[in-house]
Structure formats: C-alpha cells, structure tokens
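Chain nomenclature is as follows: A, B, C, D and E, assigned in order of appearance, with residue numbering initiated at 1 for each chain independently.
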C-alpha cells in the first residue's frame, strides 16, 4: 500500500487510441513503481457510465487521476470532489474545457496531448499543400457522433484553417458517427453530388479508412484522404498506398509522458506548465517508409 | 325502447348487414337467431359501439346512439356479453368483472382513482355465487379458468351494474346444464325487473323458454320477426336454414 | 408471444398469497439480486460500504426512473424508444431556461418536466390518432427530440447551473444522493399508482386485451396518451436530475438509455407483449444491472470482459428467476 | 398488442386479390417509397442517376440483410437485438482467418457465415431451452458477441484483406455493387422461403398462436432455433460484406444496427407482436430509410436537421401507408 | 384401444385431476360430461400431449404415449378440436386447416418443403363444403370469421387427416342448428369407419344421439361410466350436478 495509486478514467478501449494510451500509462507506471487502475467505458457515448466509474474510482483513494473525459462537463462533479481531496488531475487530449473546469472548482494539474482545433489545422495545412493554395472544389469533412466535442473541435479547426490557406475549397460537413460503414456511405453519396471531390478530412482514422475504401471502390483512389490518430489500420492503409495520411496523435506517448510528468510533479513538487504538448505529425507513406519522423517509434 | 333502424355494415367489399330493422321494448326478451355468419354478432357490436355502422342508426329511448364510444353506451345502460367474451386473460376475476366500473375511494367527494379492491372482491364473489358458477376463487387469473368458468365471468360482468338492456351473444355456449338453468332463470328475472334482453343463441329450446319474440337474420337481413307464442320450432329452424 | 407468456408468469402459489397485492412482489428476482450482492461483496471488500451502496443506487437512478415509465408503456403493450432523447431534450430546455435565459433556478424543474410531458404527449397523440405503431412513432421522436436538443445548443452542452439546482443532482441529505431519493420516491408513487388505482389497472388491461378494454368502456385512447405522457414525464425527470448531477444541459445525454430502461423492466418480469408488469420487479431489474456494473468496476474488470460478463449474468439472472417460478404449463 | 393489430392489417380487397401470394405484395408501401423517390428527385438532380440508385441499394444492403432476418424473427413474435454485434463478430472472425491466420481468401466466406450461424444457434438454444425471453437472451448476446470481437482484436480493426475478398464488398459487376446484388438475391430467396414453404408458414403461425401451433404438431422449439440461426446467418452475411467493403474486420462495426433492422421490418408492415410479416414489405421499409438518408446527404442537410427530418418522414411514411389501408374495423 | 390410466394433474397447489381411468374402443363414441371446471378439457389436453400429466399414463394401441410431443401424438392418429379452437387468427382458413400437415411438393422423393398451396386450398374447400359450413372463402383471415365459422374451421382441421381417435371439446358450442346436425352425422360416420370419438358436450340431447357410452367427471374423478342405452337424461344430469 506504500506505492502511490494513479487512476485512469478513459473512454472506450473499442477505440485503439485509448488502448495505446492505457498501454503508455501502464508502461510508465511500471517503470516508475506506481500502481494504476484503468477504467474504461463501453462506447464513445457512455458519458454517465464514465461519471459512475469516476465515483467508484474515488473509493480507491488515488493520488492522481488521468482523465480522458467523454465531454467537457460530465466528470466535473466527480473531479471537483477529487480536487477537494487534493488529488492531482491530468486532462488527456484536451477533453476538458479549462475555463469551465476551473469555474467548477476543478484544479487541473496539466493538460497533455494535442488540441483538436490545432490538429484540424495541421490536416488543413497538409491538404492545402497537396492541392495547392489555389485549388478549388469540394472537400468533405467527417465529424464524429453529433455533439461530440473532439470531432467538432477537429472539424472546426480544419474548416477555419482551410478558409485561410485554401479559400477556394468548398466544405461540406457531415457526421460519420465514428463509424466505418456510415462514412463509406456518406462518401458514396458525396461522390454523386460532387464527382470532382478533392479531399476528405475525417476526425478519426476509423472514418478515414472507411471513406478511403469507398473511394477505392468507386475508382477515386486519388482523392486525398486524411484521418487523425495513427491507428494500426490507418498506418497499414497508408503503407498500402490507399489512405493519404493521418495526423498522428501518439496516444502511447501521451499516456507515458503524463505519468512521468505527474510522478515527478508529485514527488518533487516541480512546477509544471499547464499545457504539455506531446506533439503530432502528419504521417504519409513517404514518412512511414523512410522513418523520417522520430515520433514514428511511438506508434502502437 | 331500443330501435335498430336500417343498419348496414360493410367490411371492405363484403356486405355483412344489408339494412336491419327491429325494436326491443322494455322488459322484453328478443331472441336473435340465424345461421353462422348471418351477421348477428356484427349487429350487436354495432349497438354497443364496438363497430361503426356503414349506414342506419341505433336509437335508445329516443336518443341516437350510433357513433358513440362503447364506454358511453355502456354508461347509458347497454351491457353485452360478447361471443368471444373479451376478457383480460392476465387479470383476475374481480378485475375482469369490474373492468371499466371499478369502485373507487372518494375523499370529500373527490374521486381518488384508488380502487376499493375489498369491495370489488366482495361484490364479485356475490355475483359469481348468484350465477351458481363454479369459479374456484375470484383472485384467480382468468386465463387459467375453464371455458365455462370464463363464460360465467363474462356473464357476471354484464349483470353487475343494473343495465337497461342486456345483449347476450351465445351466453350459454360453454355452460354446463345447471349453469344454463341459472342463466335462463336470470333472464326471466331481468325481464321481470323491466330490463330488456337480446339473446343470441343456437339453442332453440332455450330461446323458446325465455324469449318473447324471435327475430331471424339471414345474410344480413331480417327475414322473420315473430312472437314466440305464434311460431314453432320447425318454422324458426326453416327461417334459419333458409328452407323457404 | 406465447414465449414470454410462458416464461414470466408468477407461480400460482405466490400469486395467490399476494393476490390482492396484484402480484406486486417478486420474491424470485429479489433472490437473484441478493445472490448478486453476496457474490460482489465476497469479491470486493468495498462493495458493501454504505458510500458504495449509495453509489449503486445513484448510478441506477437515471435508468431506473426511465424504466419506471417503461414499465407502464410496456405493460400497456406499447414501447417507448424516445426516452433517452427526451431526457437530453428536457435537460437542454431546463439549462436553457435558467442559464441562457437567466430565469430563476427553480424554473428548470417545471421546464424539464414540461418538456418531457410535451414530448410524451406528442408521442401519445400520434400513436392513438395516427394509428401508427408505437415503435415507429417513438423512434421518430427519438430522432426529433435529439435533433432539436442538438440544434438548440449547436451540439454544445449548456454548462454551469445555479447552485440550488445543483443540489438536486449533487446534494446528499443524510449522505444519501438526491437522485437516489427521487428515484425511490418515484418508484413508490408509481408502484401505488400501478397496483392500486384505476389508471394502473387499466394500463395492464389494455396491454392484455385492448379491444375488450374498449368494449368495457376503458377510455383506451385517452389512457394511452396518458401512459406516454407518464413515460415522457419520467424522461423529463431523469433529464432534470442528470442535468443537475453533471451541472449541464447536455444534448448528447441519455444515448441508448431506452434500451437499458426497457431491459430493466423486462428483467423485472414485465411482459414485452403487455398485460403483466410490476414496479417492484422493474426496480429490482434496474438494481441488478446497477450492481453488476458497479461490482465489475470495483473489480477493475476490463471493459471487454465486462460486456461479456454482463451479457451472461443478465441471461443467467433471468434464468434463475424463471427456474424459481416452477409449476406452470 | 391490439394497437399494432389494428394498424397494419392489409385491406381485405388487396388481401383477397393477392391471397395465394399470402399478402406478399404491399402496394401501399410501394406508393410511399415512390412518393419519397419523386420528392428526392425533384430536390436533387443527381438523385435518379443510375449510379446513385445503385448507391442507395448499396447503402441499404447491410441494414437490409439484417432486416430480412428480423422479418422472420419478429414474424415469429421474437426479437433479435444481437445482430449488430454478431455482424462485427463475424467480420472479425473472417478477417482473422484470412489475415491473421493467413488462410486462403475464400475461407472468410464460410468463416463469417459460420460465426453468424453459431451465435444465432446459441441464441435459439438459450431462448427455447432456458425459457428466457428473447429480448434478454439476444441482449446478452449483443454484449457477448461484441465483447468477444473486441477481445480477439484488442479493439483494433484487422485491416487489409486479400483482393479477391475485397471484390465481394467493393466489386461492381456491370456497375452494380456486389453487396447490392447479394442483398437482392437474399431478399428473393427469403421471400420465397417465407411465402411458399412450410418453414415460412410455420414462422408466422408460431408468432400468431404458439400454443396452437404446438398442439397442431409444429415443432416449435426446433423451428424457433432455426429462425434465430437464420437471423444469425444474415448477420454473418452482413458482416462478411461489410468487412469486404471497408477492407477490415472491425469489432466496432454494426453498432445500433439492430434497431435500424427492426425499424425497416416494422416500417415494412411486420407486426411487432408477430404473426404478420412480408419480405417484400421489409425491403421497401429498408429502401425508404436508405432513400431518405441518401437524399438528405445529397442535399447536404446538416446532421441535426437530418435526425429531425428522418424522424418525421418515417412517421409520416407509415401514416400514409396506413391511411392507404382503409376499410378495416 | 385408447386407455387412460390413473391420470392426475396439478397446477401448482390445485389438484384438477385426481386419478382418472377409462377406455375407448375402436369405433366407439364416448361422451365425457361434467360440470364447468370438472377437468374435462385438462384431461383431453393431457391425451394430446399439450399438458404433461402429474401422474398416470395414456396408452394408445398398447403403446404409452404420455410425455410425447403433441406433434407426434397427432401423427399417431389422435386429433383434437380444442375448446378455444387454437386457430392462428392472422392466417387464412387453408393455412389453419393444414397447419402442421401442409402438403408439400416432392422432387425425386425429396421433400422440398414448398407448400402445394393449390392442393391445400382445394382440399380445404372440399372439407368445408362437406361440413356444410358457411365459410365465405378459404382465403379469408380466420380472425375475421364469425364464431361458428371459426368452429367449423377447427372441426375441418381435425377431420382432414383420417385419424384413429377424434377428441371433440364442445365442437358444436357456437354452431347453428343445421351445422350441428352435420357434425352429429359426421360423428356417426366416423364410428362407422372404426374411428373412435371422445365427445365433450353440455348438450345432452346430442350426447344421447351419438354416444355409445357416457363418462361423467366430477371434481377430477370419474363418478359414472354408463352405456347410453342403460341410463337416462335425468341420471346423467344428476351425475353432472352431483345430486347424489
């Protein structure tokens, strides 16, 4: 019982992103001699279940919580209690809105990962570079489940940036619900409306791969398709010359770094910057094959 | 008292009733006879509002009641024992007997909607006993009762709330001998109390025992309307089977 | 339909003993729940902590409240797929009133409830007067209520409610979470309504034989509308409590809760085809689900294994329940 | 139960005309679908393109195939909530065989189908021999099949299948997408099975009066097991096609598809309480949903509005359908 | 031929049958009479396998058939007309008559499972005509038929497949006069062809017309088993009501 306990409250392991994150957390904890309990939920929409998990977690008296909240507010009542008990809180992947959280009396020690708006912007820059700043034509944006803040932030970041760097591209946004088949169907429908589709940006890799397969089936493999994350299937698809790129998030690294930083902070009381970016990079076939990017080692 | 005027009923392309007229006086028992599929049950369901007539009207005490909801018609005093009984199989005998007429507790004249189950149960037991029916308990699920027991429940239900007119669609079909006697006795009592009875039955002996008048329906039309005393069993049978 | 008929009829013995309670107590399910509790407390020391027990009831309260409505709806041979969405819609309306429009905090209470009632009323009207299967109508409402909630908020939760309102969701008088209290009170009231009033009796009767009920003067349409309104009201109440609990009107709340609510009712012995339902059973059903979820979390079972075990244990629980109800044809 | 009975009985006129086709054609629904098609083609010029029509059928094929199974299950007064999960499970098994284990590509076909059959068989066995409501059993299977699929893959889709297998999902012989072809063939076969064989007849009869069917010698248990196996088989087929279409065995595929499949069947006139079902109606029901979704996508209606419009149009479609079926009690 | 030996049946705590014995010979018509709730229908359902006996056995031609599935018992030649008819209301008349016995097309001796609907329809029409039943069409949904018409369908179903034993549980309850005559005539014909009949009926005139023997059940026990020629209507009534 002398080992400190960290609780991780993540989303669903059915999304490989959170599996990799959990792996990073566990590996770092193992290295540092910290106990971790990871709790996850069944689906991307199981918000209340996550709140219940959080409340159960407090019964274990953890030293710190690593939180990947399903939305920016659902966990606040529980996190407030945690803050009051002096438990350190790490926000994974910018899922908490800091101003709201602080307004609710939740003290966030630091935020790790990448801001969705920035991620969307990175993808937009990449696509604009591929197509050229003067490119004109339709672009499809696939967000996640309706109302999901991560998908919405990535989509918004993308749209804002495209408007700046390639203003002649016209954008259509639809919700792919994080679902492969639904995204494939939407792409098919879009191709009817806009046979000259130029690019697809999907807020995660599952949707991106689904979209890409629909494009391949329609003989439109040359449409630029970009996802977000760096999940194994997306990497395989990129290597196979199908998916154009993904904006790698390296969740393993996010989890690993978070535990490291947290442990240092708790031991030494070392002051931390409130935002700990763990970096993201656009992974293309070229980058993957030539391993030009040092981050590639963190792919899981 | 109850007048049925030119009632027609079509189910899609099928004409089931083609202009039926007859009256029932207070305290009179009219038997409605006819072959299977003649339209007897359909006609009665039109009276109670379960079916909507395609034409014609039903008049009770001078008031047209066609088109009114079954619940209201029941409130006006027309009770019916349906051929298929229309019981709620999952519910107990008491609930079935008091269905739609549950005695509720009132507080300061205000209906609380709370069922006075003890009272309902007592009354239900009384009715069942009065019918001489062999129902093991009024707390039993109706679906577990025998055919005749179920029929007794349906009869009890129709007679619990002193109606003006009672329509009985083959009320004795599943009953045993003694129970049949009870029902016939009951019909006579009803008549004595000025209550009208329309009896549908294929048991002509029963019909002749209690009915004052016999109306025969054939293929959706009245083909005979005769006083019981002025006709014979043979005549009625021939009306039914259409022998003339 | 006969399948369900066969499997959930209370044993005659019990039925007789508790006859005038209208079979409102289901000993068998209680046994299953108790078994589950014992198993959980053997494997996790914290399980029987008072705080954890309250946790379980708290975690059960939302689904439980929806399941109370589902008990009536399914008992009347209907179905309501829209409760999860109505819950989100009601929460959004409540938050909108007090946060965006700045009305006094208590306005959220009638606001949420009225939003739920309204949605339920529309369900009821369309089902009865349009003669459209409840499945289709409430599925439509599921899309409409969710869509409207998302539209109003542009997909963004309305966060930050007045403190007195938060008490409804986060307060713990005598250490007991408010939503748990509300759940229990609602369950008791709806139990009394179902077991002792004309409304409750008629609800089951129209689920059993609608035509017969109509012939006997039960105002079937009016009743059916009321039943869907009750279900909507419960969804509004769940929306209110959830909103207060998470301090936000969230348009994505209650996703897939309709299935969980129906499941709680069915596990509690409600006949999917109508005519048979008890509030007591539903509460047990909801608690069985809550205990299971909580226990597996305490044991830190990984999510995939949780899904598998919940699936198996639910089936096993109903199986034991029905074994306990021998002697029927 | 009477609700549904009242609202979906075919008009006597039609029923008589098509009597020996066993009411297998539903003119009214066809009218609704046609109306929708006209409306869509007026608002979007591309709608009636041959390519787009194929598109609609392609997008409908997965739900449609699941709905074929649901037609049988619901027609027999059952329900199958596990088809979405079984679909994912089957897809994962197929991908596992050919990708991870490196078997020849065609092994995925029997692999997926067998996985579906197995899950359906378990459903059927537990329902009939355990005497547990189908709702509970298939809900359990929903968790178990999904959990197992996730466990096997650790949540990671198995990506990258052999080319010949991809043809099943992405190929377009004569420009027609393969899944669409498979869907149509399956629909025709299952229509014939339902309308003309003893198996189909008995399916509806046990949905209508199970006890009576048993008394008349219908092997109710065996039949019921077969029905759930059929539903599982369809889920396996849907899993196979989806896997081939998206080039991956995805353990998260088919989430919530059970509801969509049931909805297609109900919109197509299947009675939720059993006894009445047609494959033709189900296909129309699925197409109505597909056309609606496609049209709204073509018009690029934002998602929130899509949810609302789908909700309203579905209800309206069923309402028109039932208006067209006048003349009944 | 058919022997019922010491059959007992309990539903939970309720004892419905308390050791019933009797036999039926080939070509014999036995009437089973008794008060409502005496246990007649329950006993018959045990014979056909719908209910499982709590004790005792049923023997057909020397073979114990208790515990066998209803389908198999039907194959062995025992048909029953159930009191509640057990029809599939959503299905048409033909389907109901051929339920469980659908004629199917064979290809090279292999049963395709495809129903020969034309044949079934033809046969169904023939049976209905033979019963003299007024069923408008065999393509009609059974739920839309009148009470008597439904009963005719159930009778037709039991007689279409030349059985060895026919059990009739109040087969004439809803029938009109002429149809009743038909059924009684039919029972006599069945006897003539060596088929045994067990007739449950509360219409004692009918019983006396066709039955060779009368078995009276009271409270789950046989209290009389008499040759029709050696008893009287009064005696039977007193057995039923328990007057001695």
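Methods note: a contact is a pair of C-beta atoms (placed from the backbone, for glycine too) under 8 Å apart; a residue touches a chain by one contact, two chains touch by 3 or more.
Here is each chain with its UniProt name: B, E = Simple sugar transport system ATP-binding protein.
Fair warning: this is a prediction, and the values are worked out from it, not measured in the lab.
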Any chain in contact with chain B as well as chain D: C, E
Chain of greatest Cα-centre distance to chain B: A
Most heavily contacting chain pair (counted by C-beta pairs in contact): C-D
Farthest-lying chain, centroid of Cα atoms versus that of chain C: E
CA centroid of chain C to CA centroid of chain D, Å: 28
Euclidean distance of C-alpha centroids - chain A vs chain B, Å: 71
Centroid distance [mean C-alpha coordinates] between chain E and chain D, Å: 41
Of all residues in chain B, the ones touching two or more other chains: 11, 14, 144
Junction residues of chain A - those touching two or more other chains: 12-14, 43, 146
Where chain C touches two or more other chains, by residue: 12, 16, 146, 150, 155, 209, 211, 256, 303-304, 306-307
Complex interface listing, chain C residues touching chain B: 9, 12, 15-16, 19-20, 196-199, 201, 204-205, 208-209, 211-219, 271, 275-276
Interface residues, chain E side, partner chain B - complex: 11, 14, 34-38, 40-42, 83-84, 133-136, 144-149, 151-152, 169-170, 173-180, 202-204, 237, 240-241
Interfacial residue positions of chain A with respect to chain C in the complex: 12-14, 37-43, 45-49, 51-53, 55-56, 59-60, 71-74, 76-77, 97, 100, 103-104, 145-149, 152
Complex contact set, residues of chain D against chain A: 44, 46, 49, 51-52, 55, 58-59, 62, 150, 154-160, 169-172, 177, 242, 245-248, 250-255, 293-294, 297-298, 300, 302-304, 307
Residue ranges of chain A touching chain D (in the complex, touch as defined): 12-16, 18-19, 43, 143, 146, 172-175, 178-181, 184-186, 188-190, 192-193, 206, 209-210, 213-214, 216-217, 231-234, 236-237, 240, 242
